[in-house]
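Residue numbering begins at 1 within each chain, and the chains themselves are lettered A, B, C and D in the order written.
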Amino acid sequence: MAILVDENTKVIVQGITGFQGSFQTKRMLDYGTKVVGGVSPGKVGSEVHGVPVFNTVEEAVEATGANTSIIYVPARFAYDAILEAFDAELDLVVCVTEGIPLYDEMKVHKRLKEVKSMLLGPNCPGVISPGKSKVGLLPDRCFKPGNLGIVSRSGTLTYQIAENLTKAGIGQSTVVGIGGDPMPGLTFVDVLKMFEDDDETKAVVLVGEIGGSAEEEAAKFIKKMSKPVVAFIAGRTAPPGKRMGHAGAIIEGSTGTAESKIEALRDAGVVVAEKLFDIVNEIRRVMEK
Amino acid sequence: MRLHEYQAKQIFSKHGIKTPRGEIAETPEEVRKIAEKLGGKVVVKAQVLVGGRGKAGGIKKVDKAEEAEKVTSQLLGSLIKGHRVDRVLVEEILDIQKEYYLGYVVDKSKRMSTVIFSKVGGMDIEELASKHPGEIHKIHFDPLWGLQDYQIRKGLFKAGFSGDEFKEMFRLIRTLSDIAYKYEAELTEINPLVVTNNGFVAADARLNIDDNAIFRHPELETLRDATEVDELEREARLKGINYVRIGGDIGIIANGAGLAMTTMDLIQVMGGKPANFLDTGGGLADPIKMKACLEHVLKDGNVKVVFINIFAEITRCEKVAEGIILALDEMKRKVPLVFKLVGTNEEIGRNMLNKYAKEKGTPIYFVETIEEGAKKAVELADGV
Amino acid sequence: MAILVDENTKVIVQGITGFQGSFQTKRMLDYGTKVVGGVSPGKVGSEVHGVPVFNTVEEAVEATGANTSIIYVPARFAYDAILEAFDAELDLVVCVTEGIPLYDEMKVHKRLKEVKSMLLGPNCPGVISPGKSKVGLLPDRCFKPGNLGIVSRSGTLTYQIAENLTKAGIGQSTVVGIGGDPMPGLTFVDVLKMFEDDDETKAVVLVGEIGGSAEEEAAKFIKKMSKPVVAFIAGRTAPPGKRMGHAGAIIEGSTGTAESKIEALRDAGVVVAEKLFDIVNEIRRVMEK
Amino acid sequence: MRLHEYQAKQIFSKHGIKTPRGEIAETPEEVRKIAEKLGGKVVVKAQVLVGGRGKAGGIKKVDKAEEAEKVTSQLLGSLIKGHRVDRVLVEEILDIQKEYYLGYVVDKSKRMSTVIFSKVGGMDIEELASKHPGEIHKIHFDPLWGLQDYQIRKGLFKAGFSGDEFKEMFRLIRTLSDIAYKYEAELTEINPLVVTNNGFVAADARLNIDDNAIFRHPELETLRDATEVDELEREARLKGINYVRIGGDIGIIANGAGLAMTTMDLIQVMGGKPANFLDTGGGLADPIKMKACLEHVLKDGNVKVVFINIFAEITRCEKVAEGIILALDEMKRKVPLVFKLVGTNEEIGRNMLNKYAKEKGTPIYFVETIEEGAKKAVELADGV
């Protein structure tokens, strides 16, 4: 099964003629992802790594039957690109773009309530169901097929964690990077629900960060889950009031601290790892049960 | 981008929100002149971007212009919670009858705009929330519909406002949320909102703009220079480097905010003190970027060792090594580097760096895990 | 049964302290309508004809259990009043106010899609289910209980038609004035559907006007109706390009003419009366069948 | 409120839409001077608010300034489809390569804003719709979300635009819909949109503002004077009377638009000619309103008889009678009145009017149905 993407996923790339779009298209094709089209206004008729380019998402979807889109356009155009993808009624829209204005994101969330699409991101590395499909920029070699679900707010930290697991022989059903923005489309809770319902997933690793309340909300849901969850929280020693890269990683007053997150998760029965390698050990332990 | 009190007050005032009479100043002499104009009895407020300024001694009430001059000489150049005072705001002392709270924030978990107000003011919102949770009133609205009149009425009637205070609050809520939308504010606040004989006055003012939206408000760019506290952070922003000064002696460079924070965490777990947070972001295919990051971290004179933690998912490791070597070549001071380098061609990268280290005598230590690296960095910083 | 309003309808009046609001409250009370509250910001605690006044719709609904609102506020405040009523989750919102800006109305329609309330109007005389309840300003003496449904874009013209019918012994289940605005909340089609489903209604009179395409759309629906419909169209001799009072009553080019409406209706099997009294005769004929 | 071409062009031009060089004028001399400035070859366009102006002789191309002066003397004061020409617009003649159509309208049945465009231009949109339905392209959007860039792209690509024409159209669609939203337009149009060597130029311009929204755009009120065609209609608007001049000899007063239109319809069915449409609206409790309506209808010298059709649902009929008597008292000219008066106290009202009619010799005829009233009014107008 896996969640979100699998061997039937047909992807179009918005911004395919850009540097990143073109490069990542190649990497997704190499992984075996069905990249069936690209969008770049005014460039219809051209090709990128053999993938046909269209003027609009609508045209691309009509011509290719794509059900998923990945967005690689600059921040100031991302709002429009996301709405265009929603309008074409795609199942899943993955937005890699970072730095989208907050008010644009608020509007995107309003729109999400009116449409059938799901949004992953923005500012996210995408999603991979190892051996089936990759929609995003996650490095192939860190992953292998298996029964662990991973959901994370971080990019490279997650690759590191996944690689440790993979090297230890623990493969993954699906790895989802929900992105570091304060208002992600799919949340921890949304993805945890999918993992809970996914036959292939036996346990879940949640990689959180300081800032916001996503981990606290996840903890509430985890109480109702039947599958074991192991968590890791980055930024336990970050000084309050400083912004650490991700818009989400800012601590204001007593909300969003690592302590509050860790406490909420432990309260929900989650094992919170102190060091990266502890994750491997804990997962091995819960999966062997 | 967080604006100073005086900058936010200028914007409030332009939009019709009453602020105290007063002026900004950078020298004690200016302050004396302003205080004289205002009749001697004034309050001198350090312009630093940090909460709890009053309790930390950043706000002084005086009776005479000479006193104002005196406290200013003490304030200017001093540190309030680690922030240097470069400017003070000199204002009339208000005839305070009551203090209310009015704020606006983008509620990220609800994905909505939120107006917050209270008849209890003068303490910060967190304190208010814990001491008087029942006295906090909220109005949620989304950016598409905007704030409707009836929502303001509902909120104010529920909070027990009536008569002239109702009208004044209605206008203030409308104006504050208009300002928030005009400038794409993450947060804006009037705390305390002072009730005087002459109506409501914004005694303090806060306005934080979404950094990602500044490109739509070029007029605000000019305000930014005054808002930076740390010279190295200001420089980093200009260079496009995501850098935060922490204050310890172990420099950190990582690609990815989560990775960088985890590196910081582990250094502290091992008993060390991070000097900074630095997320290189993507784009390491260009050695120049890596070079700039290392150079920047080493500008902090306290840094005794740098832990570079790169998970090169796309970038080839020889490009990272190339950047490091470029930086080291131009560097006067030799600090040891701890290196966790993973990714395509990591062997080539390591070999390049090892070769360079041998030739030039720069100590470079390769590690396999972050834990190991953190431990090594702490040892090096401690001079072990 | 009747539609929209009946003996269980509990009404609040928005703008109850205004001249019209107060006057019409008295008239509705006299008719027996359950007017349970009024709204006038800042006037909580006062009474109008014995009806308690509240500051907000929400308060009024909480205190009285009202399910219906009628709006008598000036045009520039009507948009806000309508949204306030929607927000309080009323079943039916009747807006009498005339002259609401077009862009406000467009936004109201967008909101209608997001809420559970129905909107009758704006610029409408309201609705009466004779003998049960009246929410609006229709003159009592023109109506009596019976089995005829009336739906209309006009006010006084409808009273005239209803009075003729009442005098001829033909009573009404419900009479609905959808209002003269170009973008009414409930449309002919919406109300026809309700009449079609209403046990008490045996036949329907539709009173249309030049302008817009509401009658043409109604004709399409009538083709599927089982109950007989008799129609009257006002403005057959109006010159093109002139605006006749209602924003709707303007003819531009060949759209919205009386001819096009009459043709569409006749094509749907509707008897279109030429003179007012013909309506009575036709209804008598179809109801006797 | 429908603006004149020259007014709409001023607004377009202010927002960056190119319009032909030209000026507005009220005398042949002015026109000559303008034409000289423009090099002699100009087009003189009657400023009347009616479609099909060109075919009706309202647009004249000339080669010399003297000719421009001459055609202007013929145009000024003449009637174009019943509208008097008070002003002309004198413009350069464009080097036309192609003619496109671009418009915006509030689609009332879809309850959405709609941009309409076509590569076929120069004919009116109704003609375009019937002759080339496949060449009309539409973009629907709602007022909350507004028009998104991708919607414009989708529309233009589907219509086959590319390159510079794509860019120019994109900008024009964005600008035209911005203008529509800024002024709350019911409709705005550039037809033809002329493609020249120097880009796209709005050769004609139309802008109709929602009357109900004018209060939010007070700057437009000043434009209105010039937009009224009929003196009696202008006066009526100032008095707040909903009056439309039709041109026949039977005056009509009714309360309610539907009732007034039905009255007009029946008069025509009976072979008569309505002089006007007049909907009194509500508020007849005040006799002054009724008085003003009757006075206004009688200002039209063609009116031989007035049919008053009042269904007094709220108002008591004696108030209506009182207003009529007030009006008749001050009236010099005696025209017969046909009266259908229904409602509370209708007997009292009738008696008052009958008594007055007998005393003053004003003929007043009461009728029971609209049909009967229409018949009577037609008879009286025909002098039967």
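Following the convention adopted for this analysis, a contact is a pair of C-beta atoms (placed from the backbone, for glycine too) under 8 Å apart; a residue touches a chain by one contact, two chains touch by 3 or more.
Predicted, not measured: the structure shown is a model, and the values here were computed from it.
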Can you list every chain in contact with both subunit A and subunit B? D
State, to the nearest whole Å, the distance from the C-alpha centre of subunit A to the C-alpha centre of subunit C. 51
If you average the CA atoms of subunit B and of subunit C, how many Å lie between those two points? 57
Distance between subunit C and subunit D based on Cα centroids, please, to the nearest Å. 28
Among the residues of subunit C, which are close enough to touch at least two other chains? none
Give the residues of subunit B touching no fewer than two other chains, as numbers and ranges. 144-145
Report the topology of the inter-chain touch graph, choosing from line, ring, star, complete and other. other
Complex interface listing, subunit D residues touching subunit A: 145, 148-151, 153-154, 157, 162-163, 166
The subunit C residues in contact with subunit D across the complex are 23, 27, 75-76, 99-107, 109-110, 137-139, 142, 152-160, 163, 180, 182-183, 207, 209-210, 212-214, 217, 234-239, 241-247, 249, 253-254, 274-277
Over in the complex, which subunit B residues touch subunit A? Could you list them? 50-51, 106, 108-109, 111-113, 124, 126, 142-144, 181, 184, 186, 210, 212-213, 215-216, 242, 244, 246, 254-262, 264-269, 274, 277, 279, 281, 311, 313-314, 342-343, 369-371
Listed in rising order, the residues of subunit C that touch subunit B in the complex are 41-42, 44, 55-59, 77, 80-81, 83-84, 87, 111
Touching subunit B in the complex, subunit D uses residues 144-145
